[in-house]
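Two complexes follow with chain A in common, the first pairing it with chain B and the second with chain C.
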Partner chain A sequence: MKLKHFVAFSAPALLLMLGLLMIPLITTLVWSFQNVPVGQPGVFNGLANYAEIFSSPRFGAATQFTIGFTIVVTLAKIICGYGIALMLNRIKRGRMIILGLLMASYVVPTVIGALNFSWLFNDIFGGVVNQGLALIGLNINWLTEVGPARVLIGLHALWHETPFVIMVLLAGLATLPEEPLEAAQLDGANWWQRQRYVVVPLLGPLFSFVLLISIMDSLKVFDSIRIITPAATSLGTESLMAFVYQVALGESYRLGIASAVNVLTIILTVVLLIPFLRMTWKEARSA
Partner chain B sequence: MTTTLESPTTNMSAGQSAPRTAERERTRRAKKNRDRNLSVTLGLVLTFVVVMSLSPFVWAFLTAVKPFQAAFTNPPTWVFEPQFDAFVELWRGTQFASVLGNTFLVAVLTVIVALCVGAPAAYAFARYAGVIGPILLILAVVLRTIPRFAIVLPFYEASQMLGIYDTNFALVAALVAVNMPFTLLLLIGFFRDIPKELDEAAMIDGCSHFGAFRRVIIPLMGPGLVTAGVFTLLVAFQEYLVALTLTQNSAVTIPVFIAAQKGADDVSTYQTLAAASILLVIPVVFIAIFARKYLVAGLGGGAVKG
Partner chain C sequence: MSRFTAPQSTPRTRRNLRTVLALGTATAALALTACGAGSDMGGVGVACDIPMPESNTTVNVLSYNSPSTDPFTNAVASGCTTGTLTVNAPATDFAGQNQRATQSMSGTSPSYDLIEVYGTVYPLYAEHGWIDSLDDQIAANGDALGLDDVDPVLMEQLQYEGEQFGIPTFWGTIIFVYRQDIFDDLGLDVPTTYAEMIAAAEAITAETGMVDPLALPFNSAGDISTAYNQALGSLGGNWFADGEATPTIDTPESIAALDTLRSTYLAMNEQSTSWSSPEVITQLQTGQAAMSMLFAGRVSALLDADQTDLFADFGFAVPPSVIAGGTPSTSLSVDGFSIASNTEVDKDLMFELLGVATGADAAAEAAGATIPARNTQAQAADLPFEPAARAVLESERPNGLPHLPYMSDVYAGMAPILTQVVNGTISSTEGAAQLQAAAVTAIAAAGYTP
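Up next is the complex of A and B:
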């Protein structure tokens, strides 16, 4: 394809991305160095926004919660997801219908899923989970205590996003070559050894893909927090994005501060993305 | 992992005397039995996982059809006369119907614009050998992963200034823009699978480059376009953050409507919320089951093909 044709075919999308993605992004970057009252042009104030953020305990708490949440939820999702994918791969009948039903919690709108999920833990509705826990002598206030509220947000993420991990890994398991597995078996490798030295390395690219997506999504967690714990600030479940919303459109209209948080989140995200970007670059060049 | 795999010891003794063969036959049968038992056990475990995973929706359904008194007892009431007042109230007493209509309109417009703009560009990225393609692709990956507030807050400010805040127009523009990198990534994967020789053959036969794209490539892209379309539709339909930021009354979508109802924290709205959840969950679950093949390809962002 000639450059002329390339430009002709891609111009609408490129212009759209320039106007509606790049310009807003640059605006965010500029705002992060400005004091921006809503409806008025910003006034340059140097690094004041960043200084304010870094000295704010609330931002510190949001960062800590978000990163902790990301690590725990990502690991839990990959372990549960791989386990379920292995089981699904092993059964002979009903695999597709089970996978389809499991996908439900992933494809329903997050807002609705989070709402319905939190109801199981809500005593107003009879609190089914609490009834069960009462049998073993536990009484937990999921929606009003810091620790349980954090666990609840994590459990929701696990429930909501594990199906994605299952689906990707199952697709990988289904296309696994048989020879290395048979060879390992002939050499007397037991089940754990076959997983450890054959299957997991063969699925390596899919694991890193799932890891990447999970980290990206977890760092941006917002919807479920707004629904499950509206009082996130006092419940210790305020994520970076929930913080941004509160600062920019919730309790105040400080677009400068919110933009600075966005810029920091972008930097964090891009740093984590670098290995994946190098992979994409190589693939695109070789294609 | 099929039943034909044998343990290493029996395999080494292959081709020996008759008693050994009988023994092998026995171990083979034992293994087959074990396999069947394992399969049944795993089936039960998985069924349990499915029940757990669907329980929030089952509970929402029960809440929606319980009489008002029965819905809020603790411990829960299990025996009750089902009634459908909550569904009637949802359609008559709230704005659910008009919000649902608007959400569909927004989602469909987003899909149309995204595909019309995205398909030719994805084709160009898949075909052009120069260095611009990969650079743009990387940019698309980065743009897909950055926080949406970094894009949407400037959108908010601009839409206020232009007087298009709280309109479908602004919402569709934002949704198309935020999802464009993803649409491109998805479509590029599919265009790569179509051999270049087809374009060349069409052009030798007298098609222009655009003609080749429209007459030869697009018809072959059916599955890719459906995947990207179904995907963009689901994503646009369920988008909360963007719609929350850019709408207030007239362009509100379902997730914003539901979150606002929930935010009112009024016990009387809980049953209508449950009814709304069920009405929305059922079609989505059907799509998940029947469009599973497309979903696998789409969710994998082109990285995994189902």
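Up next is the complex of A and C:
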């Protein structure tokens, strides 16, 4: 490809990236070192924003919740998604219909899905899950107690995002070569050994991909928290993004503080993704 | 296949994936279609009899969507989009309205020209010079607006430091809502104090088996702050010292108000700290609850035969006071429209549009869903809940929030502390001290000093 063609094709995308990604990113970085009253130019205040954040118990709680949520939900999504994909892979008829129905929760906008999902756990709106739990003598205040509220946010993430994992892994399972599996079977490998030493390694790139997506999705969890537990601060379900929203737009428009939290979140995201980015880079080089 | 080579998709796999996505999308679309049913279109047919601009002009209106606000917004957006004038009113929710308003009005490139305003935000807008004082326009052209039909108390709610910054569209006070059929059957009187209200709840439970007859909006995200304002006002307390940015919410009245919230919570379902108005209204509509206190603008849903079989069974009254001899436990809320100071549209045209959005025709359209600010249309609508709301409005203390630019900052920080008091994590005395400290911090962060 000639240079002028390369420039012509890539320039629009580069300009878009510059305008929508780099400029806001640089602005966020600059604002994180400023006091920025809304509608007024920022005033440099050094590390004051970061000092305030690190001394804030609320920020600490939001960070802990976000990291814990990311680890637990990502693992649960992978385990559930792989299990369901394996089951669907064994079904010969109606597989796509079942998968299509499972996809409904993924396709529905998060806000609407979260609202409807929360009604399953809300006595006022029927609370189907609560009614089921009542049959075995359990009465859980999902929307007003810290532990249950956190579990509920995690369950929603599973309900909403696991179908994506299922779809990706099922596509991988459907295209696995027969020979290694047959060879393992002839060598006497049981089901667990075939999964451990054949299937999972063959699906390695897909597992990396869904892990990457899941970690990024979990670190930016926001919509479901706003809908299911609007009182996130009181319920211990305030994520970093919910915290940023409250500080920047919900309470006092402290854009400098919010920018500093965003910078820290970017660093946290990169740190958590480094292993997967390295793996993806190695695969790309070896391909 | 190498260890890290992704499996290849086949044409059959791709077809299957398309089928899956189609099925998922179809299911979701069905759900979403159902969600969109019944959207309100009041105000669309209102006439817009104003002089048209000579050149093409676009005006953007910012107003959160609700059955109460939509008729006023639609009146100007649909009615006045003709000839050289285009009026847009993009959809937004309550939180989005506040954020967009702040971002638009604080900069030099406005996105919106006509802005919905309400109690906690307009003093901030006025203080920052983001909305226009309307005094000169009203003096020069106000006769045509017929503002003498708007209660002076409502006009006063959109004044800041003696100047008029907005024209009211609708209003509401918190009123007592109850199942009149149950009260009549059991021979219960409408409660005049919180103690009587709780006693009535116990009587209803004993006689009818209704588990949670009392349902108040106590959501920890914000409604609990309104409940605190109600109790504080009823007990004669104040948020601030007169004329000073000094909070006074560690007083005996404040501690008593917190005690009231705690005792009221104990008389309700323990999930009540997750209840906002929609959850409470649903409980009333479905017969799960028999009593509440709600903003009058919300209760029309209880009178809609399409929404509840109990539509004929509700009664409305002045809310009880916390203790005998106190003022009703209520809060006043007034919505209206203001003109953004940084608008690039001609100010005379903006004032004309303000007149349409807050005018008698728009008020008539809105009267089915809320109480319009104009008395003629409010009374013509003969709303069953309007007499109770008006009695509160005309009472000694309708209890609107203080008109101060830092009120929204103070208000935003209250809820988590109030929740801890309500659920018993901290005492009322400790809660009052924490409220005071949080208010001082919020005022300082907003840039004000005592």
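The working rule: the second predicted complex is superposed on the first by the 273 of 287 C-alpha atoms of A that agree within 3 Å, B and C clash if a C-alpha of one lies under 4 Å from a C-alpha of the other, contacts with A are read in each partner's own complex, and residues count from 1 in each chain.
In this text, contacts are C-beta pairs under 8 Å (C-beta built on N, C-alpha and C of every residue); 3 or more make two chains touch, one makes a residue touch a chain.
Here the structure is a predicted model, which means the values were calculated and not measured.
**Student:** Since both structures carry chain A, what do chain B and chain C do when superposed there: clash or fit?
**Tutor:** Aligned on chain A, chain B and chain C clash with each other.
**Student:** Touching A:I84 in the superposition: chain B (first), chain C (second), both, neither?
**Tutor:** First partner only, chain B.
**Student:** So, does A:L99 touch the first partner chain B, the second partner chain C, both, or neither?
**Tutor:** In the superposed model, A:L99 contacts both chain B and chain C.
**Student:** Is the number of chain A residues in contact higher for chain B or for chain C?
**Tutor:** It is B that touches the greater number of chain A residues.
**Student:** Answer with first, second, both or neither: which of chain B and chain C does A:G172 touch in the superposed model?
**Tutor:** both
**Student:** Just to be sure I read the superposition right, which of the two partners does A:V108 touch: chain B = first, chain C = second, or both, or neither?
**Tutor:** Both partners.
**Student:** Please work out whether A:N190 is in contact with chain B alone, chain C alone, both, or neither, and reply first, second, both or neither.
**Tutor:** After superposing on A, A:N190 lies clear of both chain B and chain C.
**Student:** If we overlay the two complexes on their shared chain A, which of chain B and chain C does A:D123 touch? Say first, second, both or neither.
**Tutor:** Both partners, chain B and chain C.
**Student:** So, does A:F276 touch the first partner chain B, the second partner chain C, both, or neither?
**Tutor:** A:F276 sits against chain B, while chain C stays out of touch.
**Student:** Touching A:Q64, do we find chain B (first), chain C (second), both, or neither?
**Tutor:** Neither chain B nor chain C is touched by A:Q64.
**Student:** Going by the clash criterion at the top, which of the stretches 240-248, 276-284 or 384-392 from chain C hits chain B after superposition?
**Tutor:** 276-284
**Student:** Would you mind listing the overlap between the chain B footprint and the chain C footprint on chain A?
**Tutor:** The overlap between the chain B and chain C interfaces on chain A comprises residues 38-39, 96-97, 99-104, 106-109, 112, 116, 123-125, 163, 167, 171-172, 206, 230, 249, 287.
**Student:** Of all residues in chain C, which touch chain A in the complex?
**Tutor:** Contacts found on chain C: 1-10, 13, 16-17, 19-25, 27-28, 31-32, 35, 95, 99, 102-103, 105-107, 128, 219-222, 269-271, 273-276, 279, 282-283, 286, 288, 409, 412-413, 415-416, 419-420, 423, 442, 445-447.
**Student:** Touching chain A in the complex: which residues of chain B?
**Tutor:** Chain B reaches chain A through residues 1, 5, 8, 11, 38-39, 42-43, 45-47, 49-50, 53-57, 59-60, 63, 71-77, 116-118, 120-130, 132-134, 136-143, 145-158, 160-161, 173-174, 176-178, 180-181, 184, 192, 209-210, 213, 234, 237-238, 240-241, 244-245, 254-255, 258-259, 262-263, 267, 270, 273-274, 276-277, 280-281, 284-285, 287-290, 292, 295-296, 299-301, 303-306.
**Student:** Quick check on the complex: what are the chain A residues that touch chain C?
**Tutor:** 37-40, 96-97, 99-104, 106-109, 112, 116, 122-125, 141, 143-144, 163, 167, 171-172, 174-177, 201-206, 230-231, 233-235, 249-254, 282-283, 286-287
**Student:** In the complex of these two chains, what residues of chain A are touching chain B?
**Tutor:** Residues of chain A touching chain B: 1, 3, 5-6, 8-10, 12-14, 16-17, 20-21, 23-25, 27-28, 31, 38-39, 84, 87-94, 96-113, 115-117, 119-120, 123-128, 131, 159, 163-164, 167-168, 171-172, 181-182, 185-188, 206, 209, 213, 216, 219-220, 222-223, 226-227, 230, 240-241, 244-245, 248-249, 255, 258-259, 262-263, 265-266, 269-270, 273, 276-277, 280-281, 284-285, 287.
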